[in-house]
Every structure is written in C-alpha cells, then in structure tokens.
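A short write-up of the structure that comes next.
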Amino acid sequence: MLSTLKGMLMTLQTSLRKPVTAQYPKQHLPLMERQVGFPALTWDAKVGEPYCVGCMVCVRMCPTQCMSGTMIDNPLHAEGKSTRRKIIEEFEINLGRCILCGLCVEVCNFDAIEMSHEHEISHYARDGRRSDLPVLLEMGKKYQAESNWIAPEVKKAAIAAAKAAATAPVGEETKAVSASAGDVTETKDAPANDTTAGAETKEPPVEEAK
Amino acid sequence: MILLIPLGVVLAALLAIVGLAIGYGGEDVVYILIKSLSLLTILSVVVLSLTWVERKALARIQQRMGPMRVGPYGLLQPIADGLKLLIKEDIMPAWVDRPVYWLAPLAVFIPSFAVWIAVPFTSSLVLTDMSLGLLYVLALSGMSLIGLLMAGWGSANKYGIIGGLRSAAQLISYEIPLLVIAITIAMLAGTLNLTEIAMGQGNTWYILLQPLALVIFLLAGLAEVGRSPFDIFQAESELVGGPFIEYSGAHWSIFFLAEYINTFLVAALVTIFFLGGWSGPLLPELAWFLIKCYSVILVIFWLRGTLPRLRIDQLMAFGWQGLVPLSFLNFLMVAFALFYGWPNWVQTVLSLTTLVAASTFIYMKTASKKVRPTVRLIPAREVRRA
Amino acid sequence: MTEAQRLESVDIMVNMGPQHPSTHGVFRMVLWVDGERIVEAEPHIGYLHRGSEKLCEGELYPQIITLFDRMDYIGNYNMELAICSTVEKVMGITVPERAEYIRVILCELNRISSHMLFYGTMGLDAGAMTPIMYGFRERERIQNLFEATSGARMMHNYFRIGGLREDPPDDFAERVAGILPALEKGIEEGDKLLTYNEVFLARARNVGIINGQDALDYGLTGPSLRASGIPDDIRVIEPYSVYDRFDFDIPLGNTGDTWDRYAMRVEEMRQSIRIIKQALEQMPDDGPTKATGVRSIPRPPAGEVYFRSETPRGEMGVYIVTDGGDKPYRLKVRAPSFANLQALRTMLRGVYVADAVMILGSLDIVLGEVDR
C-alpha cells in the first residue's frame, strides 16, 4: 500500500496549498496583450470617419462568411474634408458566427479592422449577436483607447523616418532627422497623401524587404 | 388534485395512530415521538453538513475552492441542493415496474434511519439504549441491500440491472468482514451494548489494540456504503449511476440522503468501536464525538479524492481473498489473547505486524520496484541509424 | 443436452451511447455483454462529422489552417504544422530557422498539454477525480503562454505557409523557460498520484493487450503503437521541421496493455521537455519568421504531396492535390485516431465492461479528427 500512501500524502500536501481558483466574475485573470476578442472597426478621429473604405477584402477572406458591408461615395470627400473617395456605409458582423481567427485583420490594407479585447458580450438576443456599424465602431474606439493603438499613418511616417535616417550620410543626419520630423508633422496634418496612396505604398516596403 | 386524496388518507391514519398511542400509552409515547423527530432533524442537518464538507474537502484536495457563491463560503449550498432536488421534475420512464420503483427508495432509506435509534452520541444521549445494540445496528444496515436490488430492477434499464446486481454482490461480500470485526470488538468489550463498548475503552482506545481491525472495518464499511474506491456500482464514468440511473428529483435525493447517512453511520461506528466514543478532556462529550466522527469522515473523503475505483472482480477478490481471511485471523488473535489473558501490548504487536505484513504483501505483488512495469527508453539516434 | 444448452442465456446489449461521460466525445459503442465480459463490440462514429475535407476544397489556404485547428482540437499546433508543412512541401518553400524552432517549441508544448489532458481523463475513467484537476492546473500555464504568443488559448491560427503569422513576443524564450520547471514538477506529482498506484495498476495492467504485429496490421500509430514495442516515431524515422537536430529518447512498452499506453504518454511529456530545452538553446535570437516571397494567399503549383507528422495521437497524414489555384483541389486527412479505433474491437473482446472504458481512454482519441 506504499504507493497509495504516497498518493494520499501528496493529496494532503496539495490540500494545504492555496487554491488556484479565480472567482469569476468578481476576479478577472489578467489578459495577455495579444488576446484576441471580437473584431471591431477603427475610427479615424482626425477626419471623423471610419478607416474602413469598404474594399471587402476581409469579407471575402472570412472563413465563416460572417461579415457583410456596403461601400458608398464618401460625402466628406465631396466636401474636401477627407481623402478617402469611398467609405463604408453599412457593415455587419455576425459575432455569433465569428471564429476569432483574425484573418480579416491580416488582410486589411487600411488597419481598419482590429481584434479587440471584447469577449464578454453575451446577452439575451434573438438576432444571433449580429452587430452593425455603430456597435463595431464603439468597440473599436474602446480598443483604440485602451491598447495604445498606433494609427497607420503614424506607423508609416515612423518607418519612413527611420529609413531616411538610416540611408542619409552621417553629416547630414541632423538635417535628415529634422526633415523627417518635419515630414512627420506634415503627414500628421495631411494624412491625405498617405491614405490615398494607401494601396501603392504597400508595395515598395515589401519589395525593399526582399 | 387527485393526489390529495391518498395523501389525506395517509395523514389521517398517522394522526389516528398518534392519537391512539398518546391516548393509550401516555406521556412516554410523546417523549419517544419528540426524541425520534429530533433525531431525524439532527441527522438531516448532519447529512446536509456532510455534503458541504465533502465538496469543500474534495475541492481543497484538488486545489480549488468548492462552493463559494451560495451563502458565505457556500454554507447554504446544501440547502440550495436540497431545494433543487425537491422541486425538480421526477422523470419516470413509462415501462418501470411501478411498485418496485416507488418502494425502492424507501427500502434503502428506512433501514438507514432506523439504525440510528440505537447509536449513542454521548453516554446519555441515545434514543434507545439497547443491550443488543450492536446486533440491531448491523442487522438493519444490511437490509438496504434489498432496496438497491429493487432500484436496479425496477428501473427497467440495463445499466440499472447491472448496477443493482453488482451492488448486491458487493454488499453481501463485505458484510462478512464487517460482522467479524464487530464480533471481535464485542469480544474485547464483553458486551453488545454500544454505550458500554464506547465507555469500556477508557484510556486505551481499541485503535491502539487493534489497528488492523480498524483498517478492515473502515474498508468494509466503505464498501457497504458504496464509496470510492468501492463505488463501481454507481460509477459515474461507466454506468452513470448504476441502480440510481432512472431516479431524478426527490426520489434520487432519498438515495443521496441514505448514502450520506450510511457514511455517517460508518464513521460513528468507527468512533464508538475504536476511538473511544466521546471520551476526551475539556470539551463536552458531544463535541468530542462529533470531532472524532468528522475526522473519520475527512479520512473517508481523502480516500475518495485520491484513489481510483476497483473493478468489480478486483473488489470481490479483495473482499473474499483479502479482508475475509484477515478478519478471521484477527478474530483468532483476539480470541487467543483474551483466552490466555495476554497483556494488551501483545495484541497491538500482533495486530500491527499482520497489518504491515498484509500491506507489504499487496505492495510486493503489485507495485513494488521489482514487479512494477517499466518503460524502456531508446535514444532517437539509435532508431535513426537503423 | 450440454450444460450450455440447458442454461440458455442471452447476451445483453449495452449501449454506451453518444451521450456518455466516458467516451471522450460523441462516440457510440454497442457492447454485447455476457455477464460482465464483453463478447462483441461495435463502434459507431460520425456524430461529429462536419465535412472538413469538403470544406477545404472551397477555402483559401489561410482559411484551411483555421479548419485544421478544429479537427484535433487538443493538439492544435501539431495540426497547423501538418497543413503548413504540406503546402510548403508542394511549393518548395524553406521556412526560416527561427520560425522552425518556434514552431517546434510550440508543437512540443502542445504535446505536453495534450498528454496532460490525457492523463487527467485517464484518471477519471479509472475513477480518480484529482489527476484531472492537477493536469488542468499545469495546462493553464501552457495555455497562458499560447495566449501571449498567438492571442488565443486554443484555436491559434498562428502558423502560416512559410512561417508564422507574426513574431512571438520579445520575452517568448524567457516565458517558455519559466514554465518548464513547473511542468516538470507537475509531471512528477502526477506520477506519484496515478502511475504506480496499486489500484490503477490493478485496473490497467494486462488489460486490452495488443501485440506489435497486430498493432501494425491495424494501422495503430503513435504512443499506442510504441506501447506494443515498435519504435515507430515519425519525428525520428522521417524527420520533418528541425527534429533531426534534437537528442531525445523514444519510450517503448513491453506488453502493449493499457498501462503501457498510459506510461508512454507520461514519458513522452518528459522527452518533450528535453526537446524544448534543446530548442531554446539552439534557436537563433533573431531572424525572419516568415519566408520571403510568399503571398498572403499562396497559389501552389499543381502537384500532389503526402506529408506525415507525429501529433500527440499518432501519425497524422495530409494528402493534398493542388491545381495551381488558390484553393486545393482535394485534401485528405489521415487522422491517427480514426486508424487507432480500428484496433478497438480486438482489444475489447473478453474484457470486462469497466475495462472497455479504460481501453478507450488509453487510445486517446479525439472525435474531432476521427469524424472530421
């Protein structure tokens, strides 16, 4: 019976340890930085419209076909306030069907859709948790705020600045740095140049990396 | 509505009996009634507390918390469980054998409760101080066997029938070591009166004289109740409940209660036989009795949390080839010791040696380093070369 | 009249139906029982069939990876590795070193977590209710690491054709090294509790014996085959990824009974920890984690490839026929659990009903890949 006694001793030792239970929902375990929640659409606060232009790449990529959307001519572009010629009008994700794979985020060229950290959105509904554009934008704004989300134009400016600093000769480094700083502010004021050329600017960095 | 008629008839009959008893018997009958009702209440409270203790103890063994929501630290969980069981729908399949199905819970429950009128809690707190208390307790505790068979058969379910037959075999087999050890204790104490057995131990508790008997009695008692590691007939992972499979709601709660009452009975008997009953310094007798009972119960839960369950043929083998010879051997040792008047330490030595020898024998046969199976390890590069 | 003719008895049919606490998923076993002994057993599968192979024909390659995650839903990374390696073989892509090492580390961690779940469910089948809690406590550490790396605890969708979806977090190596001592301790505790316990030995020894030649004939693979004494481990015989650079042992059993199958997996956990330690040492500190020149939606050239890998359940084979488009023409999965189930019938003849549950548990099947 020695093995049984050893086993019993071990269970006795374990019973004296602190339990590992976290009493949900009073206690939430910390979420990792990369934890995937449901997808959400991001909001361009500078211009006051979603980043999403309605290109439908994510809709085509979704394995469960849980998304649908409509693209319209951007009224803000007609007024001259935005450089996006097209904008999303209606967007719906059936969050009940979403498998949280993140493929939509991978293929989006505009950083318009992100996997938020939302995962506690159960409620009584008969519509299968189909979320439309305002709901998704709300989730997106919350995600942008809490995760220090960097806008794509800022990221591109930082990459361009780093490249300029790396390729410029040593003596002219300070000029290049100030020039790139100026570039950054320029691009901040006029995100138009980058967003309209959104599709094109994707290509050169990829070729560069090759 | 239609149920009210037979219910009314039963109530009227009960009242008539009580009235007649009081009328002819006088005050004694009232006292007996009050004592019985209070015993029922105490036992129900004990059983409820046992469910809470079990869940908490198992949870701590598994390094988790157990019930915490219902009431502070989950103390109201048993009440919630009881309420849930009572208001749950009693689903009864259409093809059950109705009289058998309905009577089976009673056949299990009534002996389990009726046993307690002879079990003493303290030197003065016993419902009926029977001079043949031990005989009565053991005789009645064996009667719940028929209830399990009825439950299995009446369910008209193959799992139920298999479970019922398994339980019948198991319970019959483990009655023998239980009875032989009880006889041994009766020999040591010289009486069948449970109060006197407890008090006759004085300062040398029988655990010191007969550790082997304690182990055998505990294991046989566990098998009688149907607790791990002997719970094959209600194995959740195989036969999903055994004879209890078709019972739900209030019916099932009766079986549930009966199981916990029996567990408490086994613990109480171990306390009375081996641990000196209610003797102990400082605290009142009842407190000591309960402390000892609950310690034994914690050991029972500890065993449940640690060990896997034995298969039915292994269980029978363990019973017939292990516990029965050992219990008879123990009986002979005690008989010799009492007849020749050997001092107490001889008994202890004999008992301990037999216990250690038996355990070592089992270990050598199954799990010792020489016989245990091994795993060969072949380095990957050898397989790659080949 | 013979004794048997006078005592005419009928075998009872016991249905361990699709809803059962012990059949590891929706699996139906019809047992013909004579007293307590099983005379004949008939497994029924198909309750979890989702048409994965047909779905794959209509999905782009990154979407197929999500499907494979869900086939063997306990060893997800191993399934992703299988499909990614298959397509990489068709396209002739070399995966960068760092990505290979990270893949191996994640796959081995997944093997440990799968075997821990096995250890727990084996205990439950035997009747012990504590090993599963201990196993899941250790699995939490691994799953937290997975969440930090890929974002999800289970359906990771992290491997891509050509490497990984993104770089792992900067502290990946430290995190992995940090949980290894706790995992080792957890395995030791599990050993003390279950492996050499007398009751467990009585339940598992000499139960469901299958010898080596029968096992090979039935197509049994993985730890169940190695329990019968055949040293067949795809990581060693046909190394894929970077498995030929590691030095580890292959556990082998002696009798091919349930205990051997159980002990194989416990020992494999220890060997996986060895592999992870070596991988952490050998892993390059930086480097690309994605092969260059691979589009996000790859278009493999036309061809046929069969690739096999060693998942925690056994030999997992993926056969793909590509036609140059962005969706496969045909994708067939050789699921190890499906083949392992073939041997169930032989193993179940003549054993007790209680043993049926133990034997099924020891085969460690996952219905998701049996039925796909």
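Some points to look at:
Residue numbering begins at 1 within each chain, and the chains themselves are lettered A, B and C in the order written.
What we mean here is this: a contact is a pair of C-beta atoms (placed from the backbone, for glycine too) under 8 Å apart; a residue touches a chain by one contact, two chains touch by 3 or more.
Nothing here was measured: the structure is a model prediction, and the numbers come from that model.
Chain centres defined as mean CA positions place C nearest to the mean of all protein CA atoms. Look at the CA centroids: the one farthest from the centroid of chain B belongs to A.
With centres defined as mean CA coordinates, chain B is found 60 Å away from chain A. With centres set at the average Cα position, the gap from chain B to chain C is 41 Å. Between chain A and chain C, the centres computed from C-alpha atoms are 33 Å apart.
In chain B, the residues that reach two or more other chains under the touch definition are 61-64, 305-307, 362-363, 367.
In chain A, the residues touching two or more other chains are 1, 3-4, 7, 11, 14, 20. For chain C, residues that reach two or more other chains under the stated contact definition are 130, 134, 137, 193-194, 196-199. Touching chain C in their complex are the following residues of chain B: 58, 61-64, 158-159, 162, 228-229, 231-232, 235-240, 304-314, 362-363, 366-367, 372-381, 383-384. Residue ranges on chain B touching chain A, taken from their complex, read 57, 59-65, 68, 302-303, 305-307, 359, 362-363, 367-368.
By the touch criterion given at the top, residues 1-4, 7-8, 11-12, 14-15, 17-21, 23 of chain A touch chain B in their complex. Touching chain B in their complex are the following residues of chain C: 12-14, 20-22, 33, 36, 123-130, 133-134, 137, 193-194, 196-203, 205, 231, 233, 235-237, 239, 244, 246-255, 259-260, 263-264, 267, 352-355, 357.
Those residues of chain C that touch chain A in the complex are listed here as 59-60, 62-63, 66-67, 130, 134, 137, 140, 144, 147-152, 155, 157, 165, 169, 189, 192-194, 196-199, 292-293, 296.
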